[in-house]
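Going by the order they are written in, the chains are A, B, C and D; count residues from 1 in each one.
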Amino acid sequence: MIAPNSKSQPSRERQRAVSRYGMSIDLDRCTGCGACMVACAVENNVPPAHEGATARKGITWIRVFKVDNGEEGAARRSVFVPVLCQQCGEDTPCVHVCPQQAVEVDPATGIVGQMPERCLGCRYCMAACPYHARFFNWWDPQWPAGMEKTLNPDVAPRMRGVVEKCNFCHGRWHAAKERAAAAGKSEIEAGAYVPACVESCPTGAIRFGDLKDAASEPAVAAKDAHSFRLLEKLGTEPKIYYHSKRDWVRQVAAAPKPPNGKENARG
Amino acid sequence: MQRTRRDILLFMGGGAAGAMLTPAPWRLVTDAAIWSENWPGIPRPARGEITARYTNCALCPAGCAVRARCVAGQPVSLAGVAGNPLSQGAPCAFGLTGHQLPYHPQRLKQGTPEEAAAAVRGAMAKCGPGESVAVLDLAPGRASSWTYRRAMAAVANGVYLAPPRPLGGAAVNLAKARTVLSLGAPVLDGWGTPGNVHAARANFRLIQAEPWESRTAALADEWLPIRPGSEAALALALKDPKTAPSAAQATGLTEKQILDLANELTASGPALVLSADDLPEALALNQALGAWGQTLVARPEVPVPDAWKKAAPERVVASVPDSSIRVLFIDESVPGSHIPWSAVEKKLVRDNPVVVAFAWSLEGYGRHAQFTLPTAVYPELTSDIPPAIDSPAATFRISAPLVAPPARMTDPSAFIAKAAGMDAGNALQERADAIHKSGRGTLFTYADGKSTPLKDIKPDAFWKSLNEGACWVDDAAVGRASWPAFLSSPHDTQAEPQSTAFPLLVAFAEPRTASLTSPLMSKLYQDSDLRMAPNTAALHPDTARASGIAGAARAVLETQYGRCAIGVIPDESVPPGMLEVAAGPEVLDICGAFTRAKVVAA
Amino acid sequence: MLPWNYGFHWTAGTMIFMGAFYTVVVIVASTLVNAALRSRRALRTQQTERIRWAEDFHDLPARDRQCRHVLTGEFGYRECPHAFDCRQCETHAKLVASAAPDRISEPEEDIFGMAFPLDRVYHRGHTWVHSEPDGTVTVGLDDLGRRLLGEPDRVDLPQPGGRVSVNGTAWHAHKRNADVRILSPVDGEIVATGGPDAPWYLRIRPDRMDFRNLLGGHEIRPWVMREMERLQLALSAEGAAPTLADGGVPVQDIAAVYPQADWDAVCGEMFLEA
Amino acid sequence: MDREFITRGVKRCSGGKFLLWILPWVAMLIFGLYSAGLCLVKGLNQTNMDNRFAFGLWIFLDLTVIALGAGAFFTGFLLYILKMKELRAVINSAVVIGVVCYSGAMCALAVDVGQPLRFWFTFWYPNVHSMLTEVTFCITCYLTVLMIEYLPIVLKNRKLRDVPEFLVFQHELHKLIYVLAGVGTFLSFFHQGSLGGLYGVLRGRPFAFREGLAIWPSTFFLFILSAAAVGPSFVLLTTWLVEKISKKRLVRPEAMQMLGRISGLLLAVYVLLKTIDTLVWINRTSPGNGFPAAQYYAWHPFGTWILFTEIALLGMVPALILLTPKLRARTGWLVSAAAMACCGVALNRFVQTVQTLAVPTLSFDKFMTYTPSWQEVGTFLAVLAYGVLVYSFSFRYFQLFPDERELKLEVAQVEEEPALVGRY
């Protein structure tokens, strides 16, 4: 009922924030191998796909899309676009809609967090997210007998009926924080904390860092002329910067174009 | 004053009402909700001491170095090892899920080794002249491979079979290459060692000649969409421009394109030509481009004990006369390049041959063998990994077990050695000692990321560190030599002639292995559309219509070797006249490289 | 929701929102409680009968709520504001004062062959009150009422010693599917009970000899005429033949003549019960 | 035999006939409860909703049903606050419709959420910035209010009122009904609005996003208006239906026409504002977010026709009909106009819920389609059947139309006149 004072509130958070973690993804390097998706699932105890799952019912905190330039034959070119929670920094669409504060922006890190244990499963946040980066547990998670031994102890598996999404591997952030504290440092130093997808990318296409640290790769990428963010015009200030030297690739940032009646069950 | 029951009730009621205004009851309900996170069926991850352990991935010939994050000794996630000279710390999607393979639902749990041994003994006894006992080794070059060869040398008419070595066993030196022409080779997607390829990528220009836009084509500097099956023609024209016109016809490229490409290859060398399965034309082109000694090099064999030298030669299946093998052992415990069962089957004797497969799942040859004996699977097994194709120097690394294999697993080499009446011994350590004796090369240890010359290391220390995650790299000392004969030997990898019966050419979209992947890989093809599920084919809607399966989700794939059910996906990006197939055991049984096929309604 | 809950912030938004919420809760709750308390009081003070009649009267069609002076033609149209209790009606008082006293011609009115003796006063619920010499009054059903019920299947009379109040329930009568309560014309204490066969149903010692709420003299004829119309209407509405059996003169047991009519509805209409 | 439960003097069909009437609905209800049960026990994987179509048939149902149920608060408001006495004839019926719609919507919502057992979280950790929080709070409160308003109707039942406590309580409660009417109006105003706000605030969905006054997007006010406009229409429609089915006259034409007039008036205002809002959105809001509005309608089947149908065909036309006394006086026109108005608002809710999710947001999205599973349809039918049943029972045993008896007598009188004239 009381809408947030959209401008001021996040900005205040921003000032308080110790760091604003962000990512840069070089689309000219992504081979679409899927290592990031798998590493993410392993890290965050996302179960194997249920037999009934489809590309629209599955849980893929980070998902690599194959996008083409719409041309045919020789003129056709494709690019692989990894899409994960864009960690919007200004009136984050999913935060304000959640009826019970299960979604929050961590002022210390700028990371948009999701608390499955408080989630009602109303899926309003999913309707609110323009990046389709939120996923609903349509089934109870299931692992083949014995495989639960390989679960990551730092992340609790989620039950059926709640929403989840990328949180930049919060477990890893926590671990890094503890290591830093053990080493007597108040802050995590650059490189001490990277999400699983970043670590697993064989071509180093995904880079991670603190946007407040001008030297960090995302901060540098943010200034690059060939960098862009998805649906920037919405004004939600995403913290994921994509990069490509190819002009047509940078078009994926824009709003969708009307259909051209192509038939493709894969997309 | 005296209390009535009413007072007490009032007191209790008041108390209850009051309690409702305190956080306590509500806190309880909240917690109840959080407890419900672990309602039945939701597993609790085990806790324990967190350690890092190292090994080498045995899931493909690349054998990348692996750092395993272990909780109380149990690996919960895998990652690459930064600074590794071979794999550069880059993992792949399949490798990242390796630690889950031991718990694969389709894992083979028990077999009947005794019966198998008896059957083998019987068969070997009545093995007549002209008949043979053979071992088919999918991953040649390992210590166990040598054991097999010794064993086959020990038995009369023993034969040691292996898939044809890519480039006849020669190695590729990408670091030297300035221009790479790939005729459908998945250079950036499963070919060679990912880390090594990506590291070298910046220094060469990649030209991908391939009918459809594969992952490699998408990232190549230039993609030449050629007609399906015209790779050979293109290679030929590039070697000898006179054939350019016909090549232009075959490939659908313009003559100019071809000639320009030819010039580029010669002008901006050193160049390298790779093809999906070594096309003689491609090899010849390499020869013409003077790749030998530059981008194509002969890699010295990893040292072996002299005692091993008396071993059976390595032969390809095609070289064995048909219906001549009475006893066949197939070792697929370590995934390697796959040979269609149809090709193997016709080599077996007619009257009940004995086929013993060593596998960790029933998905491979086990489906056809009389006996399938369960083996350990990575990361349970202990095996060395032969040098990768893109490693010019000889290497030696061991995939040391991170998890103890379950009981009643069979060790293929021990079994085969026993059948041949010899003792396998600890081949792995013997070879390590042989390497150490050679005193060449350096040892890179993963835990500390240090490289140490071999001569500064004691034999047992060498052996110890190999088992704790290390790799030995030979000094790359490769003298320039003339074009080796084995690279000119004709291959049976010619594209089958265009036929009306089988109009479609099969191209493999995913790595060509029959071995199972972790259930988690389902994320890649079920929860997203990034890769195709095993035994699935993508084809152009027109092709589908022509084949009378328009709109169908399932169909039957048919080749001259047989038929199997597949899923079909209409995709306009696949050119008409070809099938983009994701390998699966069933498909691999009937499809080799350049197989022609057709799809019919299920 | 409460200050100690997770995520409770002392912000304007929260204050306004929760404030509005709690206000609503309080209003709704207090309304309920208020209603409960009022009804408790009403029950304690025996308001039930008054309320029942108030409800019935309220539910009567406007045409049946006409003031008695409309019947006599003194008004063109007037709805009774006092639920037929003229004792508290100034208008009535004025009109009575101004009216000329009745000239009693013959001892009883004969309307369509029904006897309405003028020695008694009538309630619009078809009961009469007759003052007895011993200072009590007898209460009975008037001729139309009697014919409506004919030979009642059952009559539930109150116990002597009980009390009745004006427009409260005097007794219950059952006829065929009809189950009607007969409205009491007077306040008072029941002395004795008669019945259908006795000349009267109740003998009552009234609190006051005040019958201003009852019809008498010249008012009776127009009233009965009007009642006959209503009966006609009720009968035809309940699917009886359009005219009375014998050219308009109601028979002793009207119910018997209309076996198919919904007698409950007819009686409800005539005895003013919703 | 339920004779003594039925209001005196009104005609109701025989018990057997009534049984025949409710039987199919009961069957439908049981089937629906079964499918809803499946969704609760096995989880929402029983539905065809997915991560991209996170909302489906049910949310559409909720929004529509609640809009139609607005008749309860609005009629109450007109009768008790603005003292429009004619509406006394339909208020009870309106209240029952309200109860049915709101309770039905609540049930559907309970099935729709992934963790129904946590419904109370919304009250316990409310995020006051969320439109959904506000909706949840208001709908819950308002349903309570409706139940309380429904109480007197029940207790007034001929048999129940014989119990003095019931009689007295409902009498006293009814005296205070205007308070509840006031509260109900307040609550409805906000949750009807917030239901609109629900989509208006979705900055990430430029198709639904709207600018507005202060903290409320324009849809907030449009929903209030449209609900208030269509509520009376729906009351009118149901009343007409009940008259047809029960073959009785229940309400005076004046009352019907008054409902129609009110509906038409508000509808006209709504259509006007909706048009303005749409123009602002097409020319300013949407392009401002980088989404040229034209492209939304390039995804078939959702062409511009849907916009035209919603605003002109099912908005302006019925408004004009209802505002023309001549046409309004003709039941045929009146009822069909009301029906059109209801469809128009239903279509509007459909566009808000379904089309919003169907049109892609990322350049590489595909146009989304979705067909509800039988379990979803079943649950939908359950709500429908539940509504019909509750209404049928209420109509049979409670006095939904106070004028019924009177109208019955009037009819008789008309037939009677000649006879009477002949006799005096």
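Note that in this section a contact is a pair of C-beta atoms (placed from the backbone, for glycine too) under 8 Å apart; a residue touches a chain by one contact, two chains touch by 3 or more.
Not measured: the values here are computed from a predicted model.
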Touch-connected components when subunit B is not counted: one piece
Chain nearest the overall C-alpha centroid of the shown protein atoms: A
Higher-contact pair (C-beta pairs counted), C-D versus A-D: A-D
Cα-centroid distance, subunit B relative to subunit D, in whole angstrom: 62
Gap in Å, rounded to a whole number, between the CA centres of subunit D and subunit A: 40
Chain centre separation (subunit A, subunit B; CA means) in Å: 31
Subunit C: positions in contact with at least two other chains: 5-7, 13-14, 16-17
Junction residues of subunit D - those touching two or more other chains: 118, 121, 124-129, 133-134
Junction residues of subunit A, two or more chains touched: 1-2, 4, 54, 57-58, 65, 101, 118, 140, 267
Residues of subunit B defined as touching subunit A within the complex: 33-34, 36-39, 41-43, 45-48, 50, 71, 74-80, 90-93, 96-97, 99-100, 102-105, 188-189, 194-195, 198, 201, 213, 215-216, 218-219, 223, 225, 518-524, 526-531, 538, 541, 569-573, 575
Subunit B-touching residues of subunit A, taken from the complex the two chains share: 28-35, 37-39, 41-43, 45-46, 48-49, 53-55, 57-60, 63-66, 68, 72-74, 76-80, 116-118, 140-153, 155-159, 196, 199-200, 202-204, 262-267
Of subunit C, residues touching subunit D in the complex: 1, 5-7, 11, 13-14, 16-18, 21, 24-25, 27-28, 31-32, 34-36, 38-39, 42-43, 47-48, 51-52, 54-55, 59, 61-63, 177, 179, 229, 232-234, 236-237, 242-243, 248, 262, 264-265, 268-269, 273-274
Subunit A-touching residues of subunit D, taken from the complex the two chains share: 43-45, 49-55, 112-115, 118-119, 121-122, 124-134, 136, 190, 194, 197-198, 201-206, 215-216, 288-292, 294-295, 298-300, 356-357, 360-367
Parts of subunit D lying in touch with subunit C, wherever the complex brings them together: 3-4, 7-9, 11, 123-129, 133-134, 137, 141, 144-145, 148, 156, 161, 164-165, 167-169, 171-173, 175-176, 179-180, 183, 186-187, 402, 405-406, 408-409, 411-413, 415-416, 419-420, 423
